[in-house]
Every structure is written in C-alpha cells, then in structure tokens.
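The following pair of complexes shares a single chain, chain A, combined with chain B in the former and chain C in the latter.
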Partner chain A sequence: MDNTQYVNQQKNKLSWLLATPTLVWLIIFFFIPYLIVVIYSFLTPTIYDIKFAFTTEAYREIWNWNYIKSFLISLRLAFLTTFFSLILGYPVAYFIARSSAKMKNILLFLIIIPFWTNFIIRIFSWRIFLSPMGALNNFLINLGIINEPLLILRTDLAVLIVMVYVYLPYMILPLYAGIEKIDFTLINAAMDLGANRWQSFKKVTLPLSKEGIFAGIILVFIPSLGMYVVPHLVGSQDSLYIGQIIAYKIKDIPRNWPFASALSLVMLLFVAVLMIILYNLHLKQQKLKVEENVQNQKKEI
Partner chain B sequence: MFKIKKKKYDINQSNWGTKLTYFTFVMAFMYIPLVILIIYSFNDSKIVANWRGFTIKYYIELFNNDEILEAFYNTIIVGIFSTLISTVLGLLTALALENKKFTGQKILSAMIYIPLVMPDILMGVSMALFYNFLKVETGFITVLIAHITFCISYTTIVIQSRLEGFDYSLEEAAMDLGANRWQILYKIKLPIIMPGIIASALLAFTLSIDDFIITFFTTGRGFNTLPIYVEGAIRRGTMTTINALSTIMIGLTILITISASKFKKILLS
Partner chain C sequence: MENIKIKNVTKIFDGYFKAVNNVSLEINSGELFSFLGPSGCGKTTLLRMIAGFEVPTTGQILIGDEDITFLPPYKRPVNTVFQNFSLFPHMTVFENVAFGLKIKKLPKDEIKDRVFEMLKVVKMESEVNKFPSQISGGQKQRVAIARALINKPKVLLLDEPLAALDLKLRQHMLIELQNIHDVVGITFIYVTHDQSEAISISDRLAVMNEGKIIQFGTPDEIYEKPKTIFAANFIGDTNLISAEVIAKYDDYIALKCDAGNGDVFEIDSAVPFNPEIGQKLTVSLRPEKIAISRTPPEMKDDFNLVEGTVEDILYYGSHTHYIVRVGNLRIRVFDQHKRVYVDKTGLDWEEKVYLYWHDTDTHLIDEVLNESL
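Presenting the complex of A and B:
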C-alpha cells in the first residue's frame, strides 16, 4: 500500500469519527421520530392517547372534502405567499444590490431587524394594526375614507398579508445574495447592443439571478405550506389550513394522533415530490451551464 | 453616422426616485405595524384604540410578573445550551464533510440538508409523538433536544461555508514546519474559521429563542419559553403587557443585530 492511500484511509477514519455524534443524534432525534409517525398513523386513536391496534382508518378519513379543501387552501396560500414576496422582494433586493457599499449595510440592516424580530411578535403587531378598533381602521375613519371599520382581521386576506410580511425577508436576502454577484457591466453591454431596459432585464439580469430566486422560493414556499401560527392567530375560523388541523388533532382534546400522523405524512410526500422536482430542475440547469461552457470553449479554440 | 445612445448611464441614475419610493413603500409595510406596537406599549389605556396619555406602567407590571421572568429565563437557558451543543456538533460535522474523499460524505450531507427543507410543523409532530412513544415527561430536556436537532443543520452549513475558503497551503506549511494534526487544528484552522463558528452560534441562538412551533409541540405543562408565553397571552387577551414585552424584545433584537455587525467588523479586520 502506498503512502497516500494510507493517509486517505486515516483521514476517512477520522472523518467518520467526527461525523458520528451528529449522525447518531440525527438518527435518534430526527429520523426515528418520523418512523414513529408512520407507526402511529396505523394505530387506533383514543381521546387522550392511542391504542396499539392496527387500522387504516386514518388514511380513509383523509378523503373527506373538508380535509382536501384544507390541503388546497394551504397550497394556494403557499403559492400566493411565494408569488407576492417574490414580486415585492425582487425590486427591493435589486435596489440594495445596486446601492453603494455604505448604503448597502444600512439597507441590509433595515431588512435584518424585522427578520430577527420574534416571529410571534411580528404576527401580533398585525393583529393590533388590523383589528376593528386598531390603528389602520382608526386612521381611515379619522380621515373620513370609511365609516365602518374594515373587517380584515380573521379573514384569509389577513392570513395572506401577514404571511407575505413574515416571509418577505426570507425572500429578499437570498435574492440579494444572487443579484449582488451579477456583473453589471453585462447590462451596460446589452444596452450598448441596443437592448431596451426590459429586454436587458429579461435576457441578462433575470437569468443571472436565477439561483437566488430558486433559494428564495424554497425558503418561502415550504414553511408556508405547513404554516400553523399565522392562520391560528389572524385567520378565520371557517377556513382551516392543514397545519392548523394537524396541530389541533395533536394538542386539543379529543386528540386524534393517528389522523394527525397520516396528514403529516401526506404533507411530507408533497414536500418530497416538490423537492425532487426542484432538485432535478436545478441539475438540468447546471448541466446546461456546463454544456454551454464546453461549447464556448470549443468556439474559442 | 451612428447615433450614440447615452442609455447605459440610465440604469444607475434614472428612475432612481421610483426605486426609492418603492423601497420606502416596502419598508413602510415592514415597519409600520412594529412602530405602532411600540407606540401603544406606552399608551395609558386598557383598550388598544384610544390614546390616553403616556405611561410606563406596563413595563413595571412586566418586571413584577414572575411568569414572564421565568419564561425569559427558560428561553435564555435553552438558547445557551442548544447553541453550545449544536455549534460543537456542527463544527465536528463540517470538519468531517471537509474531507472530499470521505466515504460517508453524500449520506451525511443529505442528512444535514433534509431537516432544512422540512416544514417546522412536521418536525414538531414527529418529536411530540416520539416523546409520547417513549413516555417521557416533556419539559426542559425535551425542548432542548428538539432545539439542538433543528439547529445542527444550520450550524454545520455556516461553518462549512467558512471552511470552503480555507487556504490548505497554510496547513501544508505548518506540517512542513513540524506541527502535528492537533497543533494545526488549534493554532491554524480554528482561529481562521472562528468567524464562521461565531456566526453559526449566533444563528443557532436566534433560531432557538425565536422558535415557537417546535417548542409548542415538545414542551409540557409548566415549561414556557417567551414565544409560548406570548402566544398564550395573546389568546387570553392580556394585550397591554404583551405590547411592552414585545417592545423590549424588539429593542433586544436591534441591539443584537448591531453588536453582531460590529463584532463581524472587528473579527474581519
């Protein structure tokens, strides 16, 4: 055996040693709990707990229009939240990326403050702002724009507004990181070649900021899908989101843990399929890039 | 003759006003609710709507409320311990992943990334049922374990990104000069990746003190963290003290953010 091979083997052993605590930790506290969820989804519920008796009742129960509707409105919420935070966030990220270095720090600071402010408090601030006797209604009534308070709180609209509010920094920061890397002389070049502003945006800026958009979408869409707290605190009682149903079935009495488990697994399946699709898109993109590079190199030769 | 277009300077200067207006609009969206919350925390009125004069009585009430002080204490303790443990685990994992010929690299990377792309609620549910299955009493330990679990991925990735920029010629130079593996780790590698370690610890701490969902599923009767207490108080309707508490927490956030950026400057200079 030659020396480098021996060194590599030693290094490999050391790496396994270093990785073991985390591996063990994640297997016990992350993967085994999911196994428990799978097992529980096939058990019989009681009011407080479960009975170890096999049944597929939970999976049959899901095929109820109410639950399917919950899935659909959760998907709609995740989709709209991602869409609006992208639309609102992109120009902001662009603006920050094009500012001077000193300005950049201040602007990023302005984004990070709400980002780091406690999640529950940010939701709570909207409850005060939107409530029938709250700041917004007071303001509008005093101006004489409306006579009756707007009943926005406890509607799906309130849920959407607060969701966009909560996730906007999660969209802006990766977008900014992506846009910041763009070589802006390329845009000047495009314009010199006669592209108008929209064309140069579509053909140069947008494709180059794809990675940031990609990261932002993942960071916003996935947590939005399972959102529980926002609809719980500002949403309507009439439209329950899937996260709410899961949380209520776990925490509130009568409990139904098998059903909550089954719903969780369906959501898990959703997320897994989505991630696989996105991952493949990402791979395709990179492959295209590599091919392009190869072609360019060939041309140069 | 060609007509020379002066368009290329436009993208910087023109419609700068529009962009600024737009930016201000989005910032207003992000800040107005928080500012109003802060203003109302000084409002001498039980009902939120009317301004009845300036008061700090809710702040005094706050500091006499044992439940809040206990929740605050719990939050900090869980935050500190989960930060320490998850940062150490993250550092070890990042060092393992640094070795590109590591046979477990793919599987370990996948295990690190999977928790990141799971909705929080799924992790909360799985942990809640796991604890139920084991019939353990939920409280400090169960919350701490859950927090460490969701922090590991973040700490690993942050430290890993710092390691990526590591200049390996330094390691070789030290080895040539007779340093052993531990000396290299202590004297060269750790100091260089220290900003990454600190950044990851800061991130873990913020994630831990901010968490509601996973704590909600893994805590038991009597063990409240601040977010759990605030959520309960919102539902019970004790708004005014919550305004004051929120204001203090926003103040702390600003303080942490400023000191983090100052700290980063000192470390990088």
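Presenting the complex of A and C:
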C-alpha cells in the first residue's frame, strides 16, 4: 500500500464516521417508516386498525373518480402555486440579487422574517384577514369599492392565496441564489450586441437563472401537491385535496390506513416520475443542442 | 468620414466624484486609438460612455454627425470587447458569435455564412461547438472579437482586452489585433493601463490621469517628448532630475542639476524649448539613452558627461540595469548586451563610472519636480 492509498483510506474512514449519525437518523426516522407505509398499503383495513392479511384492495380503490378528482385539484393547486410564486418571486429575487451587499442582507432578512412566526398562526391570521368581517373586506367596503363582503375565505382562491404566501420564500431564495451568480456584465454584453432590455433578459438572464428556477419549482411544487393544513383551514368543503383525504382516512372512523398508505405512495411515485422526466428533459435539451451544433459543423465542412 | 468627437465630456459619480473631467477629443475614422492611464483615471468610464453604458453628466459624443450621447447601447454602431470577454456561458462559440445577427433576425443561412467567415478571420473555425468553459483564454479573446466585429460596427471598443492573458499570449494577441484592425479597417478604441501595449499598438494615444487627458499624440511623440512629469513617468522608465536654467544659446540650453545635499552638476539640452534664465524645470532622461563606461569616453561637443558610482546591478538577460549614484541622485541606466561595447563587462559594485548621453536626449519638462516622486 503506498502513501496516497493510505491517506485516502484514512480520509474515507473519517467521512464515514462523520456521516454515521445522520445515516442512522435517516434510517430510523425516514427509511423504516416508509417501509412500514409500504407494508401497510398491502394490508386489510378494519374500522379502527388493520389486519395482517395481504391484499391489493387499497390500490384498486384509488381508481375512483372522487379520488382522481381530488388528485387533479391538488395538481392544479400545485401548478398554480408554483406558477404564481415564480411570477411574483422572480422580480423580487432579481431585485435583491442586484442590490448592494448591505441592502441584500436586509432584504434577505425580511424574506426570512415570516419563518419566525409559527406556520399555523400565520394561516389563522390569513383567516381573520380574509373573513367576511375581516380587514380586507372592511378596507374595501370603507373605500367604497365593494358594497358587500367578498366571500374569499373557504374557497379555492383562498387556498391559492395562502399557498402562494406560504411558499413564496421557498421560491425566492433558490431563485436569488441562482440569479446572484450571474455575471451582470453579460447583460451589458447582450445590449452592446444589439439586444434591448427584454431580449437580453430572454436570451441571457433567463437561461442563466434556469438552475435557480428549477430548484425553486421543485421546492414549491412537491410540498404544495400534498398540502393538508392550508386547504383544511381556509379551503372549501366542496373540494377535497389529496392531503386532506389521506388525513381523513387516518384519523376519521372508519379508518383505512392501507388506503391512506397506498394513496401516499402513489403520490410519491407520481412526483418522483415527474421530477425524473423534468430532469431528463433538462439534460436532453443540452445534449440536443450540442448534437445540433455538431451537425451544423459537419455540414459546413 | 465618421470621426468620433468627444466634446467637453464630464462624468460625475455620486454627485461629487469626477471620473471624467471636461475631456474633448477627436478620433479619426479607421484609427487605432488608445486611452492609457492608471486604474481610476477615467479611461474605462470614457469608454463606457462611448459604448452607451453611462451617460455623460455634461458634454456630447458624436459619431460622424450623429449625436449618440443619449442612445442606448443597443442602438449604437459600436461594439465592445469586454475585459473578461463576457462570453455567454450557456451558448457555444457559434451561438456567441451569432448573437448579434440573431437579434437582427437575419435568415439562418446568412447567419451561418457570416459566423464562419468571421471565425476564419479570428482563426477559430475549428472550435465552433465548444462552450466558453471549454476553450483557452486566447481563444475566448478571439471569440469575443469575432462576436463584436460580426455586427459590422463603425467603432470597436476594447476594454483592457489582453489583461486576462499571460505575457507570451499578450504579445502574440497584440500582433493579431493589429492584423485584424488592418483587415476590417474600422476605428478601434483601445483602453489599457499597460503602457507598452498602448505604445506598440496605437496609431495615436491619449494619456489620462485623474479624469483628464494629460497628453495625446503618436506613440513616439509621447515617449520621446512627454509634456508632463506624469506622462514621462507613466510611459516607460525615466530619470527625473530637478534643474535650473543657467544659460541659453542658439542651439542648446545650459542647466544646473540638483543632485541633493547642495551637490550640483551641469548638463546641456538641445531640445527645442524656450525657457527663462533661472527658470526651474525638470529633466527627463530615459535610462536607455545613457551610455555607461568605466573609462572616460571620447567626448564630443554635444555629449553630456557625469561621473558616478555603481550602486546596484540587475541582470535582465537582454540588458543590465545599473543604478548609479550621482551625488544623492540614483540614475538608472539600461545597458543592452551588445558585444561591440566590451569595455564595461564586469562592472562591479561601488566602481566609479562615467555616464554620457547626447544632449538632444536631455528632455525638458516645464514643471517643478515634487521631491516626493
């Protein structure tokens, strides 16, 4: 064994040692519970509990229009939440990224401040704000813009508004990290080459912030899809989101834990497949570009 | 003729900092013109105003008869080669060069033809599909030049284009740039803090300091006849000596030089200058103009001779750099290693030497030398 091998071996030992606590933690509280969920999804439900008898009943039960509708509603919410946080978050992230170093810190601090208040409390304050006698309606009525209170609370719109509010920081922060890395002299270069502001944004800034956009979309889309608390607290009784169904099946009697497990796993699978597709599209796009260029060159020669 | 006219341009930042102070200048069409100065002298700000990234606080910039002072960068017939090239990292070499034409929405075939034609000019046609991260600094430089020139600008601005390259490559690219300038024939405006670059590449140059143009002219004018101490000092090496005029004759001026501690020595200058008797001024003496010898040279009428002691010897391969003590002065002498002058090989520390030079090389500057220099 030569010296390099020896040093590498020692380094390896050390990195395993450092990673062990986290790995143990993940195995106990992440991997094993997931395994339990997988096992439960194939068991038979009873009114309060489960029976250890293998069945695929839970998975067949999912193919019911009510559940598919819930799934579509959740999907729509996740898309809209992601879309609006991207649209609203991008200019903010851009503005922060282009501010002076001192201003950057202040603005990032302001973005993080909402995290200091408990999530549930913030949603309850939205309930008060949006309610028929709440601040928003009072304000609009006093201004004379409307005569009767707007019924926003307990609608899908309220869910969307609160979701965008909740997830905006999760969009802004990765966007900021992506945009901040862009060399802004590139925008000067684009304008120097004849691109106006919009063209240089479209051709330079936007493609270069792709990584940040991708990270932001993942951070917002995935948790929005399974969101339970927000629809539960501000949503309508008429549209059940997938997170709510899973929760009801776990806590309400008759309980159906296998079904809740199966539904969770289907969601997980869906998100995983979606992310893999997105990621591959992202990779393929770059590969295609290179190939196209190679062909260009061959033709030329 | 599409000359560039800079008229009384001043740029003030943050309400008080005068980056460019009342600069007026005309750059001829087709010329390779340099702005030379230390960092912070305002040369880059001036360039950015020509490119359109800054608007002058007062004054005007014209190309031909067109006033471009307030035009946005994308409407100017001007393109820039940026200091760190600023190539688009997400685009290939081809796409980078094609950028300007794509913005103009030219047909694809025409874009392709023109890009390859341009890449041939800069000798980069074999690397079209690489991304900027996959090519070397010199290659990035060529792409940046191609990307700017493909738009057929009337003026090409180069902002310290060689600063990011290593020495050998810099010397090579300097020749390339000159060749490209000859091929395309448009005006090049070149900004640099490197005096050797500016002198070797330019048709004319302007020396800038603290927002003002100190002097402009051809490289040899500026090197041989600097008008200020700053210009003499900034361009090339020089010996600056405080002197007083003691007599004027038809074809030369007699000077009394201050060697410090009350020591004086007398030299002559045959440069065209018309001082008062008793006027204090500064002598600028280029180190390479001075000959060094351990034996008294055969004197001619138009020679100046000074005796000194060798204080330091620095060997540079092609030449030796002597520092010779004359009174309290330290005179620098560059001595080319030419075998025909064998006399001073083996000159040693603390050896007595004779310095002599032609009196037309005793350049006079109408400024009093600040001792702190």
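The rule we apply is simple: the second predicted complex is superposed on the first by the 271 of 301 C-alpha atoms of A that agree within 3 Å, B and C clash if a C-alpha of one lies under 4 Å from a C-alpha of the other, contacts with A are read in each partner's own complex, and residues count from 1 in each chain.
Here is the rule we go by: a contact is a pair of C-beta atoms (placed from the backbone, for glycine too) under 8 Å apart; a residue touches a chain by one contact, two chains touch by 3 or more.
The structure presented is a predicted model; accordingly, all values stated were derived computationally and were not measured.
Peer 1: Tell me which partner A:Y48 touches in the superposition: chain B (first), chain C (second), both or neither.
Peer 2: neither
Peer 1: Does chain B (first) or chain C (second) touch A:W198, or do both, or does neither?
Peer 2: neither
Peer 1: Kindly classify A:L186 by the partners it touches after superposition: chain B alone (first), chain C alone (second), both, or neither?
Peer 2: Touch partner of A:L186: chain C, not chain B.
Peer 1: Please tell me which partner, chain B or chain C, touches more residues of chain A.
Peer 2: B
Peer 1: Counting only touches as set out at the top, which of chain B and chain C does A:L208 meet: first, second, both, neither?
Peer 2: A:L208: touches chain C, not chain B.
Peer 1: Starting from the residues of chain A touching chain B, keep only those that also touch chain C in the other complex, and list them.
Peer 2: 188, 191-192, 194
Peer 1: Sort out for me which residues of chain A touch chain B in the complex.
Peer 2: Chain A reaches chain B through residues 8, 11-12, 14-19, 21-23, 25-26, 29-34, 36-37, 39-40, 49, 88-89, 91-92, 95, 98, 105, 107, 109-114, 116-122, 124-129, 131, 133-135, 138, 165, 168-169, 184, 187-188, 191-192, 194, 197, 218, 222-223, 225-229, 233, 243, 246-247, 250-251, 257, 260-261, 264, 267-268, 271, 275.
Peer 1: Which stretch or stretches of chain C touch chain A in the complex?
Peer 2: Residue positions touching the partner: 51-53, 72-74, 78-80, 82, 84, 86-90, 92, 94-95, 99-100, 103-104, 112, 116, 128-129, 147-148, 151.
Peer 1: Show me the residue ranges of chain B that touch chain A in the complex, using the header's touch definition.
Peer 2: 5, 7-8, 10-12, 19-20, 22-23, 26-27, 29-34, 36-37, 40, 47-49, 89-90, 92-93, 95-97, 99, 101-105, 108, 111-112, 114-115, 117-123, 125-130, 132-133, 145-146, 148-149, 152, 156, 206, 209-210, 212-213, 216-217, 226-227, 230-231, 234, 239, 242-243, 246, 249-250, 253-254, 256-257, 261
Peer 1: List the residues on chain A that touch chain C in their complex, please.
Peer 2: It is residues 183, 185-186, 188-196, 199, 203-204, 207-208, 289-290, 293-294, 296-297, 300 of chain A that touch chain C.
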